[in-house]
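These are the structures, in C-alpha cells.
Next, two complexes with chain A in common: one pairs it with chain B, the other with chain C.
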Partner chain A sequence: MDEEPERAKRWEGGYERTWEVLKEDEFGSLKATVEEILFQSKRKRALESHGQVRLGMMRHLYVVIDSSRTMEDMDLRPNRLKATLKLMEAFVEEYFDQNPISQVGLITTKNKRAEKLTELAGNPKKHLAALKKARDAACVGEPSLYNSLNLAMQTLKHMPGHTSREIVVIFSSLTTCDPANIYELIKTLKSLKIRVSVIGLSAEVRVCTVLTRETGGTYHVCLDESHFKELLMFHVKPPPANAQSECSLIRMGFPQHTIASVCDQDSKPSFSMSHLDSTSEVGLSLGGYFCPQCHAKHTELPVECKICGLTLVSAPHLARSFHHLFPLEAFRETPLEELPADRFCHACQGKLKDKMVFTCPFCSGVFCTECDLFIHDSLHCCPSCINSQHSN
Partner chain B sequence: MKLNIEGLLVYFPYDYIYPEQYSYMLELKRTLDAKGHGVLEMPSGTGKTISLLSLILAYQKTYPLEITKLIYCSRTVPEIEKVVEELRKLIEFHSKETGEVNNFLALALSSRKNLCIHPEVSALRFGKEVDGKCHTLTASYIRAQRHSDPSLPSCRFYEEFDAIGRQLPLPPGVYNLDDLKEFGQKKGWCPYFLARQAILHANIVVYSYHYLLDPKIADLVSKELTKKAVVVFDEAHNIDNVCIDSMSVNITRRTLDRCTSNVETLQTTIQKIKETDANKLKEEYRRLVEGLKEANVARVTDVYLGNPVLPAEVLQEAVPGSIRTAEHFVGFLKRFLEYLKSRLRVHHVVQESAPQFLKDIFQKVCIDRKPLRFCAERLRSLLRTLEISDLTDFSAITLISNFATLVSTYSQGFTIIIEPFEDRTPSIANPVLHFSCMDPSIAIKPVFERFQSVIITSGTLSPLDIYPKILDFRPVTVASFTMTLARTCLCPLIVGRGNDQVALSSKFETREDFAVIRNYGNLLLDMSGVVPDGIVAFFTSYMYMENIVASWYEQGILENIQRNKLIFIETPDAAETSMALEKYQEACENGRGAILLSVARGKVSEGIDFVHHFGRAVIMFGVPYVYTQSRILKARLEYLRDQFQIRENDFLTFDAMRHAAQCVGRVIRGKTDYGLMIFADKRYARADKRGKLPRWIQEHISDGSLNLTVDETVQLSKHFLRQMAQPFRQEDQLGLSLLTIEQLESEEMLKKISQMAHQA
Partner chain C sequence: MASEDELNLLVIVMDVNPIWWGQQAQREPEFTLSKCLDAVMVMGNSHMAMTTTNRLAVIASHFQDSHFLYPCKNWTGGDGAWDGTMDETPNCGDGKYELLSVANNVVAEEMKRVMSTTEMKGNSTDTLLAGSLAKALCYIHRMTKELEAGQEMKSRILVIKTAEDCARQYMNFMNVIFAAQKQNILIDACVLDSDSGLLQQACDITGGLYLKIPQKIALAQYLLWVFLPDLEQRPQLVLPPPVHVDYRAACFCHRNLIEIGYVCSVCLSIFCNFSPICTTCETAFKIQLPQMMKSKKKKLKQSI
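Up next is the complex of A and B:
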C-alpha cells in the first residue's frame, strides 16, 4: 500500500496531526482499529466486484463538486477545493482510459445554486480545462444538494435506457440548502434509475446516507488525501447494471485513421468537426478519423459524430473495457504457515511476512498482500499464469 | 440460541449475543439464587431488557416454585410497550424451540386513560377526568343504587366484566395495552379492571413505578401480589427521587380553599344522610369501634404489601373516640384546616420537624397526635359511607388527611418547611407548606421487605454503592458492566479551556464572566461546523441557559451558529418543547442540521433518545448541580449526613454526575450508533467527578483528553467523526462484541468474560 510514506510525510507536516498517528497506536491489540476494518473492506471490495454480473459499460456520469464555504477548509492540502480538483483531473483521465465509450459532465454548487461546469461529453480535454479554470473560483455560501441533483437529473433522464446513469457527489459541507423536499427528489431519482454516490469530505450526513441507500449508490467519507483518491478511483470501475435496464444493440463506427503526409500530393488539408465549437485553435489538418457513415472528419476518438450521431470508437477502446467483463478471479487467502519452505512472493520476489498470503486458483502462484491488490487493481491478469503460458 | 448460565437453560431469542449480556445474566442468576436484591449497571443499547427477561423467564420455567412472578417496573408508557414487545418475541421463540404451548400470562398495566374503551369516558383528555368519570359509573354503591333506580348511567363493559369476566381467567399469552383493549372490545369487558384482576395471577406484569412506590396507588393495585416475585426497576437512576416525591406533600392556599369546600360538601352530605338514613352512620360507627381488625389480620397473614401511609400501630387499635362520629370528624378536619391556614399566614420562612409541628398543633388547637394518625383511614371510611362517587373532587382533602397521618406517624425522615413566597419572586406572596420526605427508603421499604428479589438497573447507576445506602437495603450483587466494542463508538472529551486559555466552568463565581460565556459560544460555533446533523447541548438550568443565549445573541455568536445549523430551545412548556423537538428532528433528517439547547433534568434529558443522526454530539455546558439554595435540598442533605453518613458534597456531586451521565448517554443508543460526548467544564477532569461517571464512559476518557482547548476538541472531533463514518458491518463486530453460541462457549471467551467480571 502506498499509504505508509504518505503518512510519514504528513506526520512531519503540522502539529495538529501528530496525535492522529499516535492515537491509533494507543489502542493496542485488543481493539480492532478502524484501519484494519478499512483494509478488510478494501479486500472485500476487490472480492465483490468479481463474479459474472452485467456491468453498465456505457456510462453517463455527472460529478457534482461542492464549492461552498467549507471547501476552504485546510484539512486536505492545500485546501479541500484544490485537492479535489487535482484529484478530479486524475479521475477524469483515468475514467476515460477505462471507460472509453462513456461520458462525463461536471456540476459545481455554491451559494445555494448549482451550475454546469461542463455538459456531458466524451472528451477529457474540455473537462480538464474546466477543472483548471475552476481552481481560481471562490468558495462561498452553502451548497444545494437538491439543485445540483435536479440539474443533473434534467440531462440524465433523457439518456437512453441501456446506459447507466450515475451521479457522484463530492460533498464537503455538512448542510444543504434545499428549495423543496429532497426526499421527493430521491424518489424521482430512484424511479429514473439514477445511481447517486457520495464522497463526504467531513463526516457522515444523514441525508446522504438515505440518498445513496435509496438510489443504490455508495457513501464513503474520506480520512485523508490518499483515502480520498482511493474512494474517487473506485468510481472509475463501471457499476453493475440495473437488472431492469434495457438491452439494445448499438450502432458503432470504427473509423480508420488515415495518415497523410504533407508530401503526398493527393491529400488536401481539411477542417475537422471538433473545431466547429472551439474558437481558439482554428486549424487545418491533413489526417484524421473519417466517419464510416457520413465521412465527417474527427481528430480524436472516441466521439459521437457531429453530423450523423454515430458513436465512433476504435477497437483498442473496446478492448480496454474488456477486463471489466472478465475480471481476474479473486485469489485464495491462506495463512502463511500452510506454505512450504519457499516463502517468496511470485511477483515482487520479496519475503512473505504477513499472516495471510494469496494464491492464484489457476497457477497456484503465491503473492503478498500488496501484490495481490496491485494485480487486481492495475494489472488485471496474473503474472504467474502468463509466465507459464509463455513457457508452454 | 440456547445458553447455559451456570446450569440454567436460557432461551435467548437472537442468534447473536453481546458478551456483557452474558455476564449480566450470570450476575442476575446469582442474585436470584441468593433470593436477595441486586444493583446492576449496564449501558443502554446493549440489550438489558432482553437479558433480564430471558433469564427470569427461564428461571421461572425451571423453578416454578421459587419464583412465581416477575414485576417489571418502567417509567413511561412507550418504554412499557417496548418491554412487552421484547417479551412477545421471547415467548414466541420459547414455544417454537420447546414445542410446548405457551402457558405464560404476561401483560402490561397502565392507567384508565390508556385502557378505557368506554366511548364517552375514553374521549376525555386528562387522566384525572377519566378516573373520576369511571368512578361515577362503576363504584360499588352507585351500582347498588342502580338496582333501585335503573335509569342511572352505567358502563356496560364493567357490568359485563363483573358478570362474567371475573370468573374466567385471561387466557395465556402476551398482552400489551392495545391487545388488552382489543380483547376487551371483543368480549365486551372492561380492559382496565380485567388487567387489574389479571395481574394477580399473571406470570409477568409490566407497569409503571408508581404502582409499587406511590402508597396511594400501590394500596389499590399491588397489595395482593405474591411474595415470591422478582421486582425489576428499570431506568432506576432516579428511583430515590420518585420515592421522595411519592411521599411528599405540598400544600398551598388553593389546596386549603378546595379543602374547605370539600369539608362543606361533606357536612351537607352528612346532614342529608342523617335525615334519610341514620342507620348507615351508626353502622359505620360500630365498625370503627371494632377497629381496623380486618386489615390487621390481612397483614399478619401476609397477604398484603405493606403501606407506609397505614402504619402498623394504627391497625392494632380502634379509631379514637374523638373522631368516630362523622360530625366530630368533620369538625376535627375544620379545626385542622384552620390551623394550617394560620400557619400559611407567616411572613418568614419556617422550618420545623414533625414533633415540633405536633407540639405546636396541640398547643394551638388542641389536636392530639393519635386522631391525626387515623385521619387518612377515617376519611376513607367516611367517603365510603357517604357514597360519594366522584373521588377526584376530594383529592384536596385526601391529600390533607394523608399529610396528617404521615406527620403524626414519622418523627424522622420528614421535614416541614413553610415558605411565604418563592425565591425568584420575593415580592409576591404565595405561601407553600412543603412536607418533604427526605428518606427515600420509607416509600420503598415495603417493596424490599415483601418481595424476594428486587433488581435495580439502569444505564447510569454509578457510583453503585450509594444506592444501597440511600435506599437502605443490602444487595447481594452490585455490578457494573461495560460495553465491549468493535470500534470505539463513543468519544468523551473534557474541554477545560478556551482558545485564549481561560478556564471554562459554570461555577457560581465565573458564571457571569464574559470570557467564559464567549468561549462556550465559540465551542458551540466550532462544533456546529464539524458535527453533522444533530447536536444536543445541555445547560445546568433554564436561567443559566437564558442568560448565556441572550449574551451570545448580543455578541453575534448566535448568528454565526445559525449559518451552520438551526437552533431550537427547550422551554418549561411541554407543548412548546415537543414542537421544537419535532422540528429539530425534521431538520436533522433532511440535511439542514440543528442544535437543540436544553436543560439537564428537563424533559429532554430524561426521556428522549437521540439515536444516530438525531444526536451526533452532546455538549454538557457546566456541571449540573441542583439548586443548592433550596431549603428542601438543604434539609435533605443534612438528613443524609446525619442518618447515612453521606457528606453533602458527595451527594451533590453524585447527583450532578448522574444527571450529566444521563444527558450524555442520550446519544449512544446501541453499538452501531456513535457520538461525541463533550464535557465543557474543567471540573470534570477532577478525579472525584470523573470517577463518578459510569464505567462504560469512564474507560474511554484517555488522559490526553482531560483538559482540551476548543481547537483541540474540534480537531479530535473531526478525526473521530471521519473514522466513524467508515462503513461498519455486522461482520466487523462478530467475535469481538457480538458472539454466536459457538464463540460464546469457547474456552477463551469464557475466560475473557470472567476476567471482565473480576474487574467490575
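Up next is the complex of A and C:
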C-alpha cells in the first residue's frame, strides 16, 4: 500500500552541533544572538508566500480534539487539554479574522466515541462558549480516529463543491480504537476530496502519516507550547485549492443594518432568527439585519438565513480576504551603507539604525525592519506605493 | 483617572488638498486653510495640556504625498519632548507651556514649506488619505515599540476631511482599516464638505466617531466638544448618534449598490447578474442544466 519512499527520521541523520549557533559578545551576553534568531524566524514566515496559486477562500473546517486519558499529561501547562483549549480559542478568533466567510466546527473524541461539540457555523461566539465549557470535561478512555473522521465526513460530504473541505486533528494518544478498517475510510476521504491534517502531541503515529499523505494534508508533532501554537496558526491561512474543485458563482445577500430607536414611529420590535433556539435571551429587538429575499431578521453576520437559505454577508467581510488574493511582494534587503547618509524610514519617520534596510521593488521606498514586519503582517499594502501610484 | 504610566497618542491627519482649499477661499473667505489650521492647533494644544503624558502627531495629506508636520524629522526633539537644543528659544513672552508654542511654530513652518514646495505631477487631484493613514499606523507602531517596560499606550487617529472620496483607494483603505482594528486604534472622522462612505465604514469598524460639521467656522468648537475626550470618557458624554452606514456591495460591472448578488468563489468579485465567465479572474463557471424530460415525447406522438 505504501509505495512512496519515507522521509529520513531525525535520529538517522548526523549530529547537529546546536551549541555552535549561540555566540557570546564581549560582555558575555547572549541577547544579540537570541534577537537575531527570533528575527530570522519572523522573516522566514513573511517570505513564505504561495505566489499565483488559487486559494480556497470559502473553507469548511472541522477540528477534532482528542480528549482521551493522555490529555491529562502535564507536559504542557497546566495539562494538555487546557493548553489545547486555550490555543483553540486564539485559533478560532484568528481564523474568522483571516477567513470571514468560512465555517468551523468542533468535535471531541473520548471513550472510543466521537461527539460534536459545535456544528459548522460562521460565527465565533458559539465556538468560544463551547470551548470554555469544555475545560471542565474529564479525559477518559481512548480516542477513536475512525469515529471522529466518520462524524466529520457525514457533514462535509454534503458541502458544495466550490468550498474546501478540511479536517484538523489534534491527536495526543498513541493508540486508536476503531470499529472498522480505517484504510477504507482513508480511501473514502480521498475520493470526497477532504484534506486531513494532524498535529501530534506525543509522537509520530504510522496511521496518521498514511492518513495525511493520502489526503494531501500535513502532519507535524509539536515540540513545546510555542511550537504547538505555530503549527496551529499555520492552518489559519487559506490552503492552495485542489485542482478539481469547482468554481461557481455563489448567490449572496448584502443586508442593510437598520438601527431603530424607540421614538421612531415606524419601527416595530421583532424576533431575531439567530435566537430561535436559545431560551435565555430576550426575544424582541428593534434593529438588525433583514434578509433581502425573505425579510427575516438576523442579529449578526455572516450567517445563512434560516428561512430561505441565502448566505448573508457584508462587503467588508469580502474585503478582509482581498489581501490573500493580492499579496504584497517581499521587500529587498539592502545594507545601510549603500544609502546616502542620514536617511529616515518612509513609513514611521524614524532614523534608520539597523544594518539592513528594506526597499520596495515597485516604488523604491526605504523602510526599517520593524515597519517591514508590520507592513507584511498586518498592513498588507506599501505606504509609499499608494502615493506613487497616483502620480502616474 | 488615568494612571501615570498610560500614554495617549493622538494623530491628526489633515486633508490639505490645494484645489478644494482654493475653491473654498473663493466660496467662503472667512474660513481658509489658516483658520482651519488654527482650530486644529487649538485641539492639539488642548490634548497636550490635559496630561503631561499625552503625545501628538500631525500629518498633512496632499495629493502627491503625505508629510509629517509634527514631529518633524529635522528637529532633534523627535519624541515630543523639548530638550533645549533648538537654535532660537521659543519664548513668546506670555508664559505659555513651551512645548505648545514649539509645536505651533513647527506646524506653521512645515505647512508653509509643504504648500509652497509641492509641484503638480500627474493628473490626479484626489487626496491620498489611505497613504497618510498607513504612515500614521506605522508611526504608532514604532512609538509602541519604543515604550519602556510597564508603560501602556492608547492611540487614536482623527481625520479632517475636505475633498471627495477616491474610489481607487478602496482596497488600500480597507486594508488600513482592518490593520487599525486589529491594533485597537480608533479612527474618528470630522468631515467638512461632502459625506464620505469610506470614512463612515472606518469609524463603524474601528469604533470611532463620525461627524459632518454643519458650520465650518465653528470647527474649533466641534473638535473640542466631540473629539477631544478619549475613549474612557466618551460613555459619560452625550455625543452625536451613530450614522447609518451603507454596507451594501457595489457590483463590479456597473458600480451599482446591490442587495443580492453573485460572488465568484475564486476571486470574490461581485456581479449583479449571472454570467458564465468571471471578468476578473476569467474562470468558467459550471452552469447547472435542467434534467431532460423523456416521457413527454411519447405523449406527443399519441395525440398526432
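Here is the rule we go by: the second predicted complex is superposed on the first by the 281 of 392 C-alpha atoms of A that agree within 3 Å, B and C clash if a C-alpha of one lies under 4 Å from a C-alpha of the other, contacts with A are read in each partner's own complex, and residues count from 1 in each chain.
Quick note on the criterion: a residue touches a chain if its C-beta (ideal position, glycine included) is under 8 Å from a C-beta of that chain, and two chains touch if they have at least 3 such contacts.
Bear in mind that the values here come from a model prediction, so they are computed numbers and not experimental data.
Asks: Kindly classify A:138 by the partners it touches after superposition: chain B alone (first), chain C alone (second), both, or neither?
Replies: A:138 contacts neither chain B nor chain C.
Asks: Once the shared chain is lined up, is A:347 touching chain B (first), chain C (second), both, or neither of them?
Replies: In the superposed model, A:347 contacts chain C only, not chain B.
Asks: Touching A:90 in the superposition: chain B (first), chain C (second), both, neither?
Replies: In the superposition, A:90 contacts neither chain B nor chain C.
Asks: Please work out whether A:180 is in contact with chain B alone, chain C alone, both, or neither, and reply first, second, both or neither.
Replies: After superposition on chain A, A:180 lies in contact with neither partner.
Asks: Looking at chain A, does chain C or chain B touch more of its residues?
Replies: Of chain B and chain C, the partner in contact with more residues of chain A is C.
Asks: Looking at A:375, would you say it contacts chain B, chain C, both, or neither? Reply first, second, both or neither.
Replies: So A:375 only meets chain C here.
Asks: For A:192, is the partner it touches chain B (first), chain C (second), both, or none of the two (neither)?
Replies: A:192 contacts neither chain B nor chain C.
Asks: Would you check which partner chain A:129 touches, where first means chain B only, second means chain C only, and both and neither mean what they say?
Replies: neither
Asks: Show me the chain A residues, by the header's touch rule, that chain B contacts in one structure and chain C contacts in the other.
Replies: On chain A, no residue contacts both chain B in one structure and chain C in the other.
Asks: Given the complex with chain A, which residues does chain B contribute to the contact?
Replies: 485-488, 529-533, 564-565, 588-593, 612-613, 616, 702, 704, 715-716, 718-719, 721-728, 732, 736
Asks: Would you tell me which residues of chain A are touching chain C in their complex?
Replies: Residue list for chain A touching chain C: 54, 57-58, 97, 162-163, 246-259, 292-293, 310, 314-316, 318-323, 325-326, 344-350, 370-371, 374-375, 378-381, 383-384, 386-387, 389-392.
Asks: Going by the contact rule set out above, which residues of chain A touch chain B in the complex?
Replies: Result: residues 16, 19-20, 23, 26-27, 31-32, 34, 37-38, 40-41, 70, 75, 145, 174-178, 181-183, 200, 202-209, 220-223 of chain A touch chain B.
Asks: Within their complex, state which residues of chain C touch chain A.
Replies: 63-66, 68, 71, 73, 78, 121-122, 124, 126, 128, 130-131, 134-135, 137-139, 141-142, 145, 168-172, 174-179, 182-183, 201, 205, 242, 244-250, 258-268, 270-271, 274-275, 278, 283-286
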